[in-house]
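Each in structure tokens, the structures are laid out below.
Next come two complexes built around chain A: one with chain B, the other with chain C.
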Partner chain A sequence: MMKKQQAFFFVPYLLWIVLFVIAPLVLIIYQSFQNLSGHFTWANYASYLGSATYLKMTAESVWCALVITVVTLVISYPTAVVLNRLPNKQFWLLLVILPTWINLLLKTYAFIGLFAHNGSVNHFLEFLGLGAHQLLFTDTSFIIVASYIELPFMVLPIFNSLASLPSSLINAAADLGASRWQTFTRVIWPLSLSGVKAGIQAVFIPSLSLFMITRLIAGNRVITLGTAIEEHFLTTQNWGMGSTIGVILILAMFIVMGLTGEKKKQQGGRH
Partner chain B sequence: MKRLMSAMIAILLICLVLAGINWQLDRSSRASQDNTLTIYNWGDYIDPALIKKFEKQTGIHVDYQTFDSNEAMLTKLRQGGTNYDVVVPSEYTVSRLKREHLLAPLDHAKLPNLQYVSAGLLDQSFDRHNRYSVPYFWGTLGIVYNDRLIARHQVQHWRQLWNPRLRKQLLLIDSARDVFAMALIIDHHSVNTTNPVYLHQAAHRLHKLAPNVKAVVADEMKMYMEDGEAAAGVTYSGEAREMMDNDPHLHYLVPSEGSNIWFDNLVIPRRAQHKAEAYRFINFMLEPHNAAQNARYIGYATPEPTAKKYLPKSVTNNKAFYPSAKVMKRLHVYSDLPLKDVGTYNDLFLEFKMLTR
Partner chain C sequence: MKKQHTGWLGKVYLALVLVILYLPIFYLVYYSFSSGKTMEKFGHFSLVHYRVLATDTRMIQIVINTAIIALLSSLIATVIGTLGALVIKRVRFRQQRQVLLSLNNVLMVSPDVLIGASFLIFFTVIGLRLGFVSVLLSHIAFSIPIVVLMVLPKLNEMSPTLADAAADLGATPWQSLSRVTLPAMTPGILVGYFMAFTYSLDDFAVTFFVTGNGFTTLSVEIYSRARQGINLEINALSTVVFLLSLALVAGYYFLSSRAGRRNRVMTVKEGDVQ
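For the complex of A and B:
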């Protein structure tokens, strides 16, 4: 009876996975082997691997995603640690998550207002006597906005892994004579590593394929693989080439999963 | 488990109630279904007062739906199952829709007001004899500049955009065809060329423009130009019009050596359910008073000389929006290139964009 019921509850999950994960994957891989007239071809992969433009773009995307991931990690870990020590930690965590409820485009437009030539940040800099600077269309502004957007996805899993860390372990470490630093490096960090890895997965991959922000904030001065995919699907209608870059992104995802993968149960992550 | 179940049931119930309300609303709005005209247009691309007027005059109920790109609209029409009666595609999309047999041929006898449309704007390469489309608005590609940052005589020609004094002062529209058009026109080549030699020559020319390019953007250019973020931008007349309304220091011009001319057109999809109503609507929009009212609201150039009479002289005498006959002759329509060539343009453009950092 119980078994049957369990199998029944499994159906929605199975349907979801087949319809929205496996089927699109198969379609993308299938289309990546098609040319403009729908015939089988290796040409998409050949032109991807043979084109300096695409390879350079890939390298730049990976570099950008790496910087974004490092920046969010550096901000998120201490944030998660502090959040865990606060009395109403769920409330403070909510404040970190709250911005994700606002539309991505809206947040990006808000940043245009901040960073613009006549924007608030420049007004503030002028007030301090530092003078106005070119903020929009720079790599820095792109990294700031992208990191801001990805931040909650890094904080959340780290917070969760820290929250589930039994305080008895920390007390035990202290009892056994470990310094605060030793407690951190030997106990807290290794035990929260699963959260860090989940956070990296949740931030690195989406950062590789950011595309709206690259145009709005960076004025297309930063070109990621996402930009190229958007262009191939919309403008050139070359779905084959777009899918090929999509497959490259999926491969990148597997590589990151492999590097940060764990046998144990993953915690948190992107919903 | 019990709580989970009750939560799920609650969600299901809410969904059911919402679906019921939606169905009810749908039914009441479709009560007069035979009398509904569905228009599929760009967002905010018609004077709402005209829709009211049309509804009042004819008793036809108008359902106005919007899209934000030709490609999105094309995809929807291709999939079928849509009930659009009048659609407003740009010229290259008219060619594509035509080629895919998605359009109904127009019976000109049912469109008497077509006589008001300027002969010079009819019978274009994308739709000979206007068999499938009639022009709605038209415009150009040109240069918008900020007179506080640069003088008019410094940005009058495409070639001047390469001047080192514009270093990091230029915004470009994120469109391969438009950016290449500038370079191709300087080299006296057709804006529709597919000759790889010419295209590489143009790409080479554009590479030299890279140091001047501050950013390659889309609709946001409006915001940036009004903010004084850049001295000059390459964009469409319609976009420029909106910027100029918000900032009197911005001006628009069409380089006299030539540029692109674009058309947005009214068409009737082949699968339209209310063709008679669609004809009435198109004819209504072509009526000069209505065309003038619409042009006043949207700010784009009307294709009807008679309608121009009802518009302020300051608008119709503005050579930037109604270029002289001499310049008009040097404006070219983009033809819908084979996908392979669109790919070439865009690959070269992507390479160019990578250079601008």
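For the complex of A and C:
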């Protein structure tokens, strides 16, 4: 009797795992080995690896994601440090986080206006005597908008790791005669590294895949892995190739997580 | 002396970051009150775009669709996710539990594009027509893991002796679940429901893949209108969305402080970027 009741509890969740976690993953891998007429083929991978266009696109996408990650990290780290020193830090953190609750597309849309040829940013540049520039439909505009959107996702984990850093350690370093710079490089930075890594994960992977920003801001100038997947699935209807790029994105995800995630083991050993 | 100086510099820096973070949002709101047609030159103060928005029946229908999807999907995801947390808790072996948890988190870490593409293949394979049902199923699917992650800590906090005590005192498994376990989970369930709700409201990429032609949600509509260029009706909409988001954040903090996580640092809307 009880066993049956338990089964009733188990079924919906396990069904979800099978249908919406395992099946889609298997299907996208399976689809990547299919050609347009539904036969098994290695051709998608062959044409991906053999095509300079695809490889160049991948390299550019990775490069863009790297730049976005570095830009957000450089801006976020000092922000997190400052936040941590403020008396009402939770409130200020909330202010930094709040924009993430606003629809991503609306924030992106704002930049269409800001970056327009006659838009506010160009007015400002002219005011500075720098002259108007073509801002929309460039790599730079994509990098700026993506960094803007992902900034809070970098600040938060760094802030968390800094907030959990015991102040006694910093005092100890000072007592032992460390300069402020030494305290930073020897104590604060190594201990906040887990937050930095989490932030890199939270920024790098989406930067590879956010297709709506490239579409709205960079037109067809910038093609990320995500844009390529969207294009193959919804425009050219070549699902096999789209899935192949999807598998590449999955691999990229694993590589990033592998490079930034070795802290897991240490956590396991924590007492 | 030196310390105070950096403090001052730090505050200016933080202010600058905050200005950058809020500038685009207030820029949108500012131009929503302009009588003009572009975000280049402010005409005079006018509510004309709000009037257009209020009479845009297509937009109103889309808002209703979005709300129905969000309410339904988060409700169903909360039920399944809560059951999921119970399942994970019930598994005895650590390794099996780890496997379940990893599977649970797959959709949390996957980029939206992949979730959308793979769900599209899935729905096509099982022969489901794209539209309301496929969007609803997708939203339920990607909301379940966050509910599990919000409920599970509450279950882990609960002392195992409580369930034993209930059993000793003659409670049936059902009574023990509804009278002991469920109340302990409730704060987590509420926060989970709330997160699922906002995930659904905000989702664009997954919906974009599985929505087909007939059915549209707010995010998809904003995208297709923004692709056509500037339209100050979207600005008016963003003011409304901004105010609603503020209300939601307030609601989240109310719920999570009741859930006893006051000191816990906040959750970001992961769904936003991934």
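Keep this in mind: the second predicted complex is superposed on the first by the 236 of 271 C-alpha atoms of A that agree within 3 Å, B and C clash if a C-alpha of one lies under 4 Å from a C-alpha of the other, contacts with A are read in each partner's own complex, and residues count from 1 in each chain.
The rule is short, and it goes like this: a contact is a pair of C-beta atoms (placed from the backbone, for glycine too) under 8 Å apart; a residue touches a chain by one contact, two chains touch by 3 or more.
Everything quoted here is computed from the prediction, not taken from an experiment.
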| item | value |
| --- | --- |
| Joint occupancy of chain A by chain B and chain C, clash or fit | clash |
| Partner chain(s) touched by A:92 [first = chain B, second = chain C, both, neither] | second |
| Which superposed partner A:238 touches (first chain B, second chain C, both, neither) | first |
| Contacts of A:159 with chain B and chain C, given as first, second, both or neither | second |
| Contacts of A:221 with chain B and chain C, given as first, second, both or neither | first |
| Superposition-derived comparison: chain B or chain C, residues of chain A touched | C |
| Partner chain in contact with A:112 - chain B first, chain C second, else both or neither | both |
| Of the stretches 45-53, 81-89, 225-233 or 261-269 belonging to chain C, the one that collides with chain B | 225-233 |
| Touching both chain C and chain B, counted on chain A across the two superposed complexes | 112, 116, 118-119, 215-216, 234 |
| For the chain A and chain B complex, residues of the former touching the latter | 36, 53, 56-57, 112, 116-119, 134, 136-137, 139, 215-216, 218-223, 228, 231-232, 234-238, 241 |
| In the complex with chain A, residue positions of chain C that touch it | 7, 10-11, 13-14, 17-18, 20-22, 24-25, 27-28, 31, 38-40, 79-81, 83-84, 86-87, 90, 100, 103-104, 106-107, 109-122, 125, 137, 141, 144, 173-174, 198, 202, 204-205, 208-209, 218-219, 222-223, 226-227, 229-230, 234, 237-238, 241-242, 245-246, 248-249, 265-266, 268-270, 272-274 |
| Of all residues in chain A, those that touch chain C in their complex | 2, 5-6, 9-10, 12-14, 16-17, 19-25, 27-28, 31, 75, 78-79, 81-83, 85-86, 90, 92-114, 116, 118-120, 148-153, 156, 159-160, 163, 202-203, 205-206, 208-212, 215-216, 225-226, 229-230, 233-234, 239, 242-243, 246, 249-250, 253, 257 |
| Partner chain A, residues of chain B touching it in the complex | 69, 71, 168, 171, 174-176, 214-218, 220, 223-224, 227-229, 339-340, 342-343, 346-347, 350-351, 353-354, 356-357 |
